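Got a structure for you, questions after.
Labels for the chains are A, B, C and D, by order of writing; each one numbers its residues from 1.
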Amino acid sequence: MALIRTAVTDAPLDLAGEFAGVSNGRADVGAVVTFTGLCRDEDGRLEALELEHYPGMAEAEITRIATLAAERWDVQALTVLHRYGKVTPGEAIVLVVAASSHRHAAFEAAEFVMDFLKTHAPFWKKEHALDGSTAGWVEARIADDEAEARWNKDA
Amino acid sequence: MALIRTAVTDAPLDLAGEFAGVSNGRADVGAVVTFTGLCRDEDGRLEALELEHYPGMAEAEITRIATLAAERWDVQALTVLHRYGKVTPGEAIVLVVAASSHRHAAFEAAEFVMDFLKTHAPFWKKEHALDGSTAGWVEARIADDEAEARWNKDA
Amino acid sequence: MKLLYFAWVRERIGLTDETVEPPAHIGTVGDLLGWLRTRGEGYEAALVEPEAIRVALDHDHAEHDASIVGIREVALFPPMTGG
Amino acid sequence: MKLLYFAWVRERIGLTDETVEPPAHIGTVGDLLGWLRTRGEGYEAALVEPEAIRVALDHDHAEHDASIVGIREVALFPPMTGG
């Protein structure tokens, strides 16, 4: 059984701590893949992203997606954390950590989680510009729908 | 141009430090994928792995593979570090960090580096058992050759 | 039935949530969106392109032809942009 | 020509490296492997299955039919197991 840990939080995400959480004290883990999604400054014009989420459903969807991934790939541990609230450029928005004895399982589980999270987890990004204006809501990308769809073709 | 950093070292690998190296001070990075290959204890019987390498060629091959990946995917930074010498269970043997503005580029570049590194980088693992005996050389896996071959089919 | 609104749907309607009792003939998500549009300018601005609206019924994603019978919480929001 | 041996090839031959002058008719990697096998028991034990031996010529991977003319450094080793 994979150890699944998910959280929706307004606190900074800790890559080193989460890596240690899936690997320390267990010498049966051979491969750890991490994905970190960072807030970009959009060529210097962005002051912050504000992440709105649907409390209750956001946690439930992330846990559902992590569980799907753990059923599909042979992972020993899978951690999925997502920020809400204000996030400034350079800060992490999302962190996925997949531990497995096989590197391809770790890579694919992490990538699957990200593709489904983009299209299914109820979060919305609003841009705040450095000049004090609100630049508006980030639009969803069709590429994200396509990225999710390819996992169905594989199945 | 991607920032490429490679090293063959007998010192512990520092995930958090290498992550910071590709992301700190640059707010144009949106996605960072890391791969860590860890020494397992093989159900408790392993004391250590001894990693033999071909000095000169090992560094050259890793740099060649990282450069190939950086030419094929749109990455902003790519770090590939590999240990030599004795490594104990739980310690990292290899660390790949790929930074990009697109998550799929980061995932694929890191996975490509690992697949080619397994089959092309001149390193050999010898197992040292806890009971003081030397358990012998680790055998190459056919699955690793197949993993490498699929990148040619894609091309 | 509790309604929740997120992102620009929330901003245009001007509410984070409300509790409504739709008429008995409102059986699907699509019916509900059509009925809400008649409730004022903010609703019309939010729902003028219904195909852009994503829906969750009691925390599960649902299509516009899904039944809302027996549902306690309906959330309306734009395509998600997390991750 | 400098020869380098790694992993169990090194252990069986009992040397990390040596400098040799193969006869003039030794033109390819395959020729070289055949010639080395005649040099003693350790070489025979290391090279008895030539198809298991990987080769690098001046730090570049090479096949057994590659020419060794002009090569300064030949490394012989088992399939790699890094990563």
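Everything below uses one rule, namely that a residue touches a chain if its C-beta (ideal position, glycine included) is under 8 Å from a C-beta of that chain, and two chains touch if they have at least 3 such contacts.
All figures in this text were calculated on a predicted structure; none of them were measured in a lab.
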| item | value |
| --- | --- |
| Labels of chains that are neighbours to chain B and to chain D | none |
| Chain C and chain A - chains in contact with each | none |
| Intercentroid distance (Cα basis), chain D paired with chain A, Å | 48 |
| Inter-chain centre distance, chain A versus chain B - centres from mean C-alpha coordinates, in Å | 23 |
| Inter-chain centre distance, chain C versus chain D - centres from mean C-alpha coordinates, in Å | 72 |
| Interface hub residues of chain C, defined as touching at least two other chains | none |
| For chain A, residues contacting two or more additional chains | 37, 114 |
| Chains grouped in pairs wherever the two touch, ordered by label | A-B, A-C, B-D |
| Residues of chain B that touch chain D when the two form their complex | 37, 51-54, 56-58, 60-61, 82, 93-94, 114, 117-126, 137-140 |
| Interface residues, chain B side, partner chain A - complex | 15-16, 19, 23-24, 27-41, 43-44, 89-90, 101, 103-104, 106-107, 110-111, 114, 147 |
| Chain A contact footprint on chain C (complex, rising order) | 4, 6-8, 10, 56, 59, 61, 75, 77-83 |
